[in-house]
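One structure is given here, and the rest of the page talks about it.
Letters A, B, C, D, E and F mark the chains as written, and numbering starts fresh at 1 in each.
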Amino acid sequence: MKRLLPAPLVSVGLALAWWLLNPDGGRGQLVLALLLAIGLPLLLQGLRPQRVRVRHPLTVLRLCLRVMLDTTRSNIAVLRYLLQPSRRPHPAGFVHIPLQVRDPNALAVLAMIVCITPGTVWAELSLDRSLLMLHVLEVADAQAVAAHVQRCYEAPLMEIFES
Amino acid sequence: MNPALQAIAALMPHLILVPIALPLFTAALLLVLREERERLKLAINLGSTMLGFLVSVALLAWTAGAETQTVGVYLPGNWPAPFGITLALDRLAALMLLTANTVALASILFASARWHRAGVLYHTLFQFQLMGLAGAFLTADLFNLFVFFEILLAASYGLLLHGSGQARVQSGLHYIAINLAASTLFLIGAALLYGITGTLNMADIARAMSDVPQAHRGLLNAGAATLAMAFLIKAGVWPLNFWLVPAYAAAAAPVGALFAVLTKVGVYALLRLWPLWFGEAAGLSGQWGGAYLYGAGMATMAFGALGMLASQRLNYLAGHAAILSSGTLLAAMGLGQADVTSGLIYYLPGSTLAGASLFLLSDLIKRWRNDGASIAPYERDDTPFLTPELLPSETFNLDDEQQILVGRVIQAATAFLGLAFLLITLVITGLPPLSGFIGKFAMLTAALGSAAATPKAWWLLALMLLTGFMALLAMTRVGIRHFWAAHDRRAPQLRMLEGLPIAGLLAACVALVVQAAAVMHYTSQAARALHAPVQYIEEILATPPREAPGR
Amino acid sequence: MSAMPLWLDLLVSLLVVAGAAIALIASMGLLTLPSFFTRTHPPAMIATLACWCILHAAFAYFWWATGSAPLRLYLIAFFVAITVPITSVFLLRAALFRARRAGADVPPNLSGHARALPPQAGASGQEQHAARD
Amino acid sequence: MEVVLALAIGVLAGCGVWLTLRPRTFQVIMGLTLLSYAVNLFIFASARLGLVVNKAPVLDPAKPLDLLHYADPLPQALVLTAIVIGFAMTALFLVVLLALRGMSGTDHVDGAEPERRRGGTRR
Amino acid sequence: MNANILPWALPLAMGMLALAMALCLMRILRRPTAQDRILALDAMYLNAMLLVLVLCIYWGSTVYFEAALLIAVLGFAASTALAKFLLRGEVIE
Amino acid sequence: MSLWLLLVLPFAASVLAALLPANARNLESTLAAVVALWCTLQSALLFPEIAAGQVLQAELVWMPQLGLNPSVRLDGFAWMFCMLVFGIGTLVVLYARYYMSPSDPVPRFFSFLLAFMGAMAGVVVSGNTIQLAFFWELTSLFSFLLIGYWHHRRDARRGARMALTVTAAGGLALLGAMLMLGHIVGSYSLDATLAAGEQVRTHALYPAVLALVLLAAFTKSAQFPFHFWLPNAMAAPTPVSSYLHSATMVKAGVFLLARLWPVLGGTEPWLWWVGGIGVATLLLGGFIAMFQRDLKGVLAYSTISHLGLITLLLGLNSELATVAAVFHIMNHATFKASLFMAAGIVDHESGTRDMQRLSGLRHAMPITATLATVASAAMAGVPLLNGFLSKEMFFSETVFLDASPLVAISLPVAATVAGMFSVAYSLRLTVSVFFGPLASDLPRQPHEPRRWMRVPVELLVAICLLVGMFPQWAIGPILATAAQPVVGGHLPAYSLSLWHGPNAALTMSAIAMAGGIFLYWGLLRSHTQRHTRLWQDRLDASRVFHALLTLATHGARSARRMLSTRRLQWQMRWLVVTSFLAAALPLWSARTHWGERALLPPSFTLTVLWLVGGACAIAAAWQAKFHRLAALILVGGTGLCVSLTFLWFSAPDLALTQFAVEFVTTVLILLGLRWLPRRDETLRAARAEQLRTRARRVSDGFIASICGLGMAWLAYALMSRDFTHGTATYFLEQALPQGGGSNVVNVMLVDFRGFDTFGEIVVLGIVACTVYALLRRFRPARETMDLPPQQRLLPADLQTDLLNPRHASDTAVGYLMVPAVLARLLLPFSALIAVHLFLRGHDQPGGGFVAGLVLSLGLIVQYLVSGAAWVEAHVRVLPERWMAAGLLCALFTGLGALYFGYPFLTSHMLQLQLPWLGELHLASALFFDIGVALLVVGATLLILTAIAHQSVRSHRFHAHLLAERQPAAAQGGQG
């Protein structure tokens, strides 16, 4: 099983994506989806050496919602920031965030979250992955930003990927 | 009908495809093989080229032998003519195909002695080149012609760069840049023609030409002119041919030989399209553009001859000879008479073969002279012309040394090279008795033969004689320098594999003379078909696809 | 095809215009914001909110128009979410690197020793192609 | 709308021509790219019955099969071929210019800097 | 298009997106740094993607959808390569 | 048949001779002699028929469509020439057998000689004017080879080349003349031409024909001012000289004049030109001959002079003079051949031809001396010898010429003076060489030659004597036969007796004789030395020739420089401007306007889009020199606009492809950017100020904007017009039922025009091969060899996240970690998208090409984030195999149709009934598309990775640099 499905999550994702792309196909599409979901990861196995283990699907869902919400919120915040140039109370700046999470996948997801959230953008990660630097559009309180990231994102990610 | 012809006829519609599909198959096969398997690759390449040669002979025999149907039509994809792509084989195409394959066979034989090892993927590119040439000769679809032009150009870029080195890369860059621009022109012209006639099939365009309303004539002609520019650039017309000589001269010798055919592709395209589109049948545009073609051809001839006279290096000479020959062809084409066209179709293969063998020969001579290392000091382009060789001597005709009055034995190899050089000179300069003379004579006699020979014909006569003379001057200068002046050199090391192709090419030239009547009969039929393209158009448009398969 | 219900009409229009407006504003921001690092934020808006708005609009519209839910539209959001960080990470890292070399006022290398990078000396940078900073 | 497209073709062609006339290989390759854009659009513009909006040649059983309901598919096929060939040629030209640059040490199209005239002019 | 507001809203949206692209272009032209240009190119791609989506609605046809998908999947490659070039001086090490 | 043998045999023998071993001297010469003798006899046997007035003819049908039928036509005149050519040829062969050294490679010599003989025979017996020109050129060619036989000698090479240049030019002129004659007469047959004299002379082209014919004849016969090649040709072995300059080569010119005399002669221009040049040559040749020092030089100039005499005779427009000319042709051939041979004997036996060294040879070689004396007496026109007779005829002709008083007086004077010259140089020849005391300082001890070497001379001298003493008996019938055809049928009355009584001619002869003796004693003996040089320098036309030749080459070279350029910019300019004109002229001349079609409504969005696109293009053009990256970005922006335009105007497939190509191209060019040199921007400001540069940019800008406007105009003119439907409807109708796909563009690509697609993937494949092959030999420039500065500036010991992926075991670290994780996640998905686009291609936008690009771009991104080494360590990428597989897949799909009896690439539909899945439609086009996709992946990867792999070098180079630097640093530290 493990040999057949080196990355079960990816396989599921592929099958899902295929189904999304070709929703109205009959059984043929189903077979194709299956073939692709199994075949592609097998073919490209060599290029994805790291295995991903994901736990706690509920936490995943929660995180997703959280991110969407945060993103929308910060979108609006940035929108306002852009529309009212005169009322920009806080300077932009870099924020350093100490991290405990080490799993590359978790970090990648963190990067995704940070990057798709307007107002924050991933700037640099130290080589030992202990320190993250973000660029934040409005730094009211650097500590608060750091705490927010640690609490809302890092913790669930550690739970998902590292537990 | 003899059995061989019957066999060909049995294979016939599909045989047209072979010159294109065979090289492709070979190329793909060669791509699979690992780089180390040089001998096997060479063997495959040789075998395939040989086979292609035989096929082109068969095709020629078919066009020459078949009296009823002279245009072989093949419909890849089984779509009827104006809609799908059509391959059409007529006499001209068959002749060009055979010429190209002859040169190719000689080239690969020559290359097998040493040149094919100068870089990787030579054989693959070589086969692709053959495929492009065959396709360009066979296709009857304008855009498909573009595609095959690109194939043959892309392959020629690759072959030109074979062996690398600054000269090749430098001239290759120019060559590529100019030809990319030319391709752009091709596309513009094709788009205009499609926009106006609504079809891409050459025959169908010809048919549609007469229906084009007057208001669209300007656009139509502009499209055709743009297209012609693309062909003229490939044919090396002045003033768009400055890339040609450095590129051809820089190319490895077998590649240069193959390139001798490339300029003719541009000529071929013009020859194919102009009488078809702007012949008498086309109504309003009758003979349109002929004067420009003539003028450009004359200028090119003059430039080619001047260039030969100004060149010291053998391969530059060969490059300019290629220009000279395509200038001659273009000028003759510009007269737009079927008889002249017949002469020029006769002239074309001979001059191509001679040009190709000059490229091969120049390599041997270069290697013989200075081990191929670099050019000799006197070959630099800025060397003063008046060498001591030419200064009047003080002791006029008086020799006190009796000993010197004994001739030197010429080694067989040198004699071979010398003889080959002599024959090439004869063809290129158009001196009797070889095919250059007969070709030029046929063109001139046809141009002058008509009751009212135009001044154009007289100018052509004058320039043809003059350029022949200039070429003769240049060739004798180089020949004397290489074969007579350097008497204390050891005999060249001539390999069988290198001598054979040259001998073969020249034998073909001689054969053209020996069989001149038959060849001329063939070319005059070809020319007549070109100038009265009704049959070509009808055959192409009327050939039905096979009954619908289970699509 | 029957006429579109007004609410759907309104919804789709609103979403589309909103999405386009956000994209426009974000692009405006890209133009007006003062420094490179601040300018890195607006594109995220295009990739998220603007994109989502328009995707929802398209979703609603095509659901109505074709009768089946075109869920595949949301694949776009997924792919954008995956790919945007790749560019951002590279770009920010490059910007920081260049800023440090140019001696600009940015935090030092996170994992480096105390020793800072030598400032860019003269016009010797390969990235001269790119632009003069 | 045609005017805009025609002008676009003109601008692309003009810029392309200007760049191909420049002395640096990189300029030439950019110029050839722009030229090929212009030409592709030009081929595209040669469609029968001109340019049409929202009539992609993807068959819809509901529409009759004629040019009033579909765009002319042929130029599109031609442009596709031209795009591919253009891409290939760009790649080739790029590599050749790199090779030339490596061998001659300059990125001048002639493989050598023109000799400096009066007071260091370089063209 | 049998609705009342959409025929107005969609061209408006498209115009706005086109203007957004124009703004990105202005950023490209104004730089001041190379990374600004890359960023603006990336934003331009995103805007173009949105434009394609709006066009899909405008024409009520999904045949154009794949173009948007393609930009979403591959559009980053160009800007990433550019960024990496700035960072490392070569694209593939 | 025998007529053809006369023509074929020498050539056949020539080929045979060439194949003989180098030392087969006897075999060779025997072969040659037998052939020549046989030909002589064969011709001689024909005399009765010829004498009876018959014209023997034979014709082969070769190329009737061109009027080119090889034909032999033997009339009296041709017969006489045949006898000369073969007869003297036989003697020369015999002579040469002994003359040539045993170590000479004579096969070549005899081979050339025989071929030349054949060519000469060909000239005289041609029944076809073109054939005549043809053999004419052959004589030039073989004489070139013969003159250059001793090619290790400079003078031989030069003489040969000069002869060829001059005579071949004449030959080309002859060809032109013959073509013109053919045009006038309407046939190339000699008979027809001879019969059409009146028509030719009245034709408007007559002057041109005449000029060309005279050019040919004068060059061949070494007439002034083309006389200079002949003395230079003396570098040939003496047998060659005696053959070429007595009976053959130079006689071809006068042969031509005589042959065409009935056609062209008898007009004023003929008289003035032929006669005038003849007189000039006669005098000039005789005069120079007197001052020659070289034995053969004297003979050479005397030949020129005598040829001038013949030319003059032919030019007098009198039938009698023409008979005299024919007579003198024969006489000159005999005495000149013998003289050359005698000179050769002297040279051969004494080792020198220097007349200042030679003296008194009659003591050493009495027989030769006698022979030579008799022969030169014949040349001088001493009575009882043949030269006297023809000279008498000449003198009397000059006197009786009906012409203007000036000519009537000056011509006899000129003739007498020429006679004096000829007596003087003949005297000089004999007296100084054979009389006086025997020279002692000769290189060899002179003695009589071998018996058989002298025989030819003896025979010829005997003929001289015979003809001189018994003219009517010895030569009368022959002369009549020979002259009859020349004068056009009926001979004038003439007498061949020795004594005509004391008339003007005899007086002139006497004066000439006395004057010649006086000239010799009075002038030449005293100060030869000084004058020789002087005259030679002043009158050496070969200097002029060389100057002309040099001028021609210089001219050609500077013309080439002027007319061509090696610089790409200029070539591009030419190209652009010519193309623009080519397109603009037809439009202009047809007064084309744009059409009236209803336009699409304007769209704000597209307008803005193209403002962006246009601005991008312009900015890219502006920035491409100094800001390459910016230009690349801007071009990317333009590409985006192009893609969107495709989309806008209903071409989703195009948009997809353009997008994908856009991304790949950007990566590709970026890969290349690393190897381009830095741009020194500081120079820009200074440079832009330069006037030249600015002018150039302005003019280029002008050209570019004109072209841009032209293109815009053309595009608008095309789009604004109504056209018929063309072929398009067919595609729409057939796509689904016959092509099996509803995406017509894709059906077009894989079916209707599958052959194009086939070609297109081949192009891609070729380019990939080329790139790969070229980069195998890539040699980066020195300054780009090292790492890029971004990497170089990082100290090796610095702890940074900017890791080189090459050094990391797994590259998911440092700055690359996040991108690597994401990109690797993306890869299966982009593969999925590729499959999706591929499978739907036939019915919806997509297809093999886009699929291939998507897949390869997905892989390239892996290279980008993980480095080439890592990727290739983890997955085997064999792009060549992909390409081959793609090509073969496409090819075999196409060939599969042949199996079913349909043409290549015919698509088939497979209806499969699968158990659970139901019906499955499989078009063979699908497999074709698979081939396309495979090839695209392979080619793209091959191109990109081939460039990418180059950066390995820089790492190696950097390591090498560091290794070099370290010891140096260590040493520095110690010191």
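Here, contacts are C-beta pairs under 8 Å (C-beta built on N, C-alpha and C of every residue); 3 or more make two chains touch, one makes a residue touch a chain.
In this text the structure is predicted, and so the values were computed from the model without any measurement.
Between chain C and chain F, the least number of touching-chain steps is 1. Shared contact partners of chain B and chain D, listed by label: F.
Traced through touching neighbours, the fewest hops from chain C to chain D number 2. Simply put, of D-E and C-E, more C-beta pairs touch at C-E.
Chain B has the C-alpha centroid lying closest to the overall centroid of all protein C-alpha atoms shown. Taking the mean of C-alpha positions as each chain's centre, the chain lying farthest from the centre of chain C is F. Note on chain placement: the centre of chain D and the centre of chain F lie 38 Å apart, centres being C-alpha means. Taking the mean of the C-alpha atoms as each chain's centre, chain A and chain C sit 15 Å apart. Spacing of chain E relative to chain F, judged by their CA centroids, is 59 angstrom.
For the pair chain B and chain C, the distance between C-alpha centroids works out to 56 Å.
For chain F, residues touching at least two other chains, in rising order: 566, 568, 572, 576, 603, 606, 628-630, 632, 648, 652, 673-674, 676, 711, 714, 718, 723-728, 731, 752-753, 756, 759-760, 763, 766-767, 770, 774, 777, 788-790, 799-802, 815, 818-819, 822, 825-826, 829, 833, 844-845, 865. In chain B, the residues that touch at least two other chains are 143, 147, 150, 154, 157, 161, 164, 169, 173-174, 177, 181, 188, 191-192, 194-195, 198, 200. Chain E has residues 14, 17, 19, 21, 31, 34, 37-38, 63-64, 69, 73, 75, 80, 84-87, 89 in contact with two or more other chains. Chains that are in contact with each other form these pairs: A-C, A-F, B-D, B-F, C-E, C-F, D-E, D-F, E-F. Residue ranges on chain F touching chain A, taken from their complex, read 799-801, 803, 810, 812-815, 817-818, 820-822, 824-825, 827-829, 831-833, 835-836, 839-840, 862, 866, 871, 874-875, 916-918, 920.
Residues 22, 25-26, 28-29, 32-33, 35, 37-38, 40-42, 44-45, 47-49, 68-72, 74-75, 81-82, 84-85, 88-89, 92-93, 96, 106-107, 109-111 of chain C touch chain A in their complex.
Chain D contributes residues 20, 25, 28, 32, 35-36, 39, 42-43, 45-48, 74-75, 78, 81-82, 85, 88-89, 92-93, 96-97, 99-100, 103-104, 109-111 to its touches with chain B in the complex. Within the complex formed with chain F, the chain C residues making contact are 79, 82-83, 85-86, 89-90, 93, 97, 101, 109-113, 115, 117-118, 123-132. Residues 627-630, 673-674, 676, 678-682, 788-790, 793-795, 798-802, 815, 818-819, 822-823, 825-826, 829, 865 of chain F are the ones touching chain C in the complex.
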